[in-house]
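Input: one structure, supplied below.
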């Protein structure tokens, strides 16, 4: 079996130099068009694992490769140029700027015509088209998340990384967001996301990673993890 | 007729000076607010940056004047302005490189940057005094008035004259052009939008590939231009004296805070609020009152506060805003 | 509470520098530097309390210092009885009316329900109060200022010993600090800076313009001294005899004796304050202050009254600055409102604290002496450097004349440079916090 498109392999490290390790030999990967979901209890290093893949902390050991290319030592900005896009959990939009300007800023590094990509985002999130002249900070929680995802998509990434995209939104909005994420994946973009709502997330996941204390506890398809009685009992509440 | 005289007196002594002063404060406050929005500290050296810009322009003006260059009715300083801006831009970019960048990389607390800006203020102040001295400098030339009080009286037959200094009109015209250009830049260009994005959410701007050093450099260049223009206009309208520029710091900060630090629109509104409050509160209304109420003969000057207390006005406005609306009228960034 | 050998050496070095001035120039100059150094050290102590203990950024030191100076003349100058007779009572009444107006306005604001009524009532109180105040105030002031304007034209003081004015100066500064602190503390640090900058300018404006109180730019001169006058010493046969016996010139000796007397007074105050500050810093109170400074959020979560503590230390530090201001006016023997410049009285003190070591009382004191010494010495030094540079230039050349003339402005530049260099390469100062 060939290597997945994006892989953070055997990652060990923590924040800052000399800080304690948060990740221990942790491996996270996603293939093209797949949805990979990282779940686990609080403090398990879920977000940290994803940030490590994106280069937001220094790894002592392990490596990150995209399409076979080693990017372990690239800064997050340079990884954006390699086709990765990251949506932080909070403060993920420019609140004082309009929806359209948010999308434009997402495409800041691109020098070509971005109107096509913008249309695609509007097709994916029709509500944003109606509100495109409105300040993003005035939108509802779910709409803000759409802006955040839309901004990330503007770079035409090959991997979209989402840090708890459904935190703080209502269940109905959450279902809708998951639907959209599946749609994004169908266009061939890989999705790597961290989720608190483990059960719903694993339902749409091609791969699932259960992390415990910075280590891979279980790794399988989403379906298999949902079926695993051990995982169900420990992490999904029975 | 008396009411008309009262109106003319009001225009002459309150409105026209207020608009000119307000424009100067607005330009100064825009510089302060941009630094605050992008670099996230209150720049105490801004008054002295204005003094430096004005000084560079004055030196260039003198040189042009000695060559016999003139713009006719317009002051020669306008021709020297680009050179003044360039010199100031070089100075602030150099300062950023040598001083501020270190603290930015350290992610130092804003208050440390404020103290650092105090050191920069000292040095700039010393530099300006060293080069041009502490005395008043005159560099205005061209036509003094668009209309003098006498001409106006002859024209209208009113008892009150309306004198409009050409520098006042020039100030307002230049300020309008600069503000339009700045807002066009911030709202319509890619670079301007990236500055707003950086000011709004620094981390996300980084994720979007916006280069912080580039944004910071462009900000300093714009601030240099704004400071120089404000400094030159103030010098043309009143006079150039290094110390007065330091004292402008208070009304300028009051204007920026009243409007909401980090909000350019607020800075402009704040500039005019502060300027008009200062002028109306320190103006002796006796003449106007005499026309409006001929039967009332006040024995004083009907002046709410002596002009020596004009700083108290900016200060009072500042305190009221801080007490009741700390983020300013236009919702700035600061809490 | 301890000085390392290195700290001792630093202190010795600074005093050595001052002594060197005594040997090479004159002891009169050296003692002059020492006396202002002592006062500067006290100001630096005050600023260090606010910044070093609590992280409060006060840029209004000048105002508090000037208020202290006002305190000195209000206490020590002889009262001008004619002025009191023609308008003293009315001025006091006017000030009372002004205070009552503000009190009534605050009362109305707090008691009345929100809405248009409150705004109207508030406005009415302020407008009526303002006109009552001006109606009482203006004529009284005019009459007071008419009394022999060349020498008095003001109310004078209480005619008490000048030493009593020092705590009064501190109290005046504390009062002003209370007003500023009530409004601007608890907001961002930048706002406190702007607010203090503003209050300082206003205090100076008041001193310059309220002639009935401080004679404005006409200055109050001849403030009584706590020490003998030189001329009295020179006329005292016992003193002259003793000095001649010791081999000194009586005139020089009298000047030096007076300066030494001041040094003794100031040193006593400085040592007392230093002892108090050290005990305070090392008490539970001092530890709490530093805990608040280092992490306001967690201190607040632990139930500390952050704003209250800040107000307390802000007032204390400002009072110390006021005390130093009263001492300075005493030393100068005059109050000259026109000479108060923020660069000299606010920012220079900050340079002292940062260079000396913020958070460490000994550091602040050392910074006070060192920076004051440099402030005095940079000018002649700059002049001689410029003189050296321009030595080769033709006499009468424009550049040479300009450079020589501008050398005096090197001071500010040098102070800024020192501040930036210390902040960059030794941000904890010469004697760091422990």
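Order of writing sets the chain letters: A, B and C. Residues in each chain are counted from 1.
Everything below uses one rule, namely that contacts are C-beta pairs under 8 Å (C-beta built on N, C-alpha and C of every residue); 3 or more make two chains touch, one makes a residue touch a chain.
No experiment lies behind these values; they were computed from the predicted model shown.
Shared contact partners of chain A and chain B are absent.
Chain B has the Cα centre that lies closest to the mean of all protein Cα atoms in view. The greatest centre-to-centre distance from chain A, using averaged C-alpha positions, is reached by C.
The geometric centre of chain A is 47 Å away from that of chain B, both derived from CA atoms.
The mean-CA centres of chain A and chain C are about 58 angstrom from one another, to the nearest whole unit.
With centres set at the average Cα position, the gap from chain B to chain C is 30 Å. The set of chain C residues touching two or more other chains is empty. For chain B in complex with chain A, the touching residues are 190, 193-194, 196-197, 200-201, 203-210. Residue ranges of chain C in contact with chain B, taken from their complex: 55, 57, 59, 130, 134, 138, 183-184, 187-191, 193-195, 197-199, 201-202, 205-206, 208-209, 342-343, 347, 350-351, 354, 405-406, 409-417, 419-420, 423-424. Residues of chain B touching chain C in their complex: 41-42, 44, 99, 102, 110-112, 114-116, 118-127, 129-131, 133-134, 246-247, 249-250, 253-254, 257, 261, 300, 304, 306, 308-309, 311-312, 314-315, 318-319, 322-323, 326, 334-335. Those residues of chain A that touch chain B in the shared complex are 76-77, 80-81, 86, 88, 91-97, 101, 104-106, 108-109, 151, 155.
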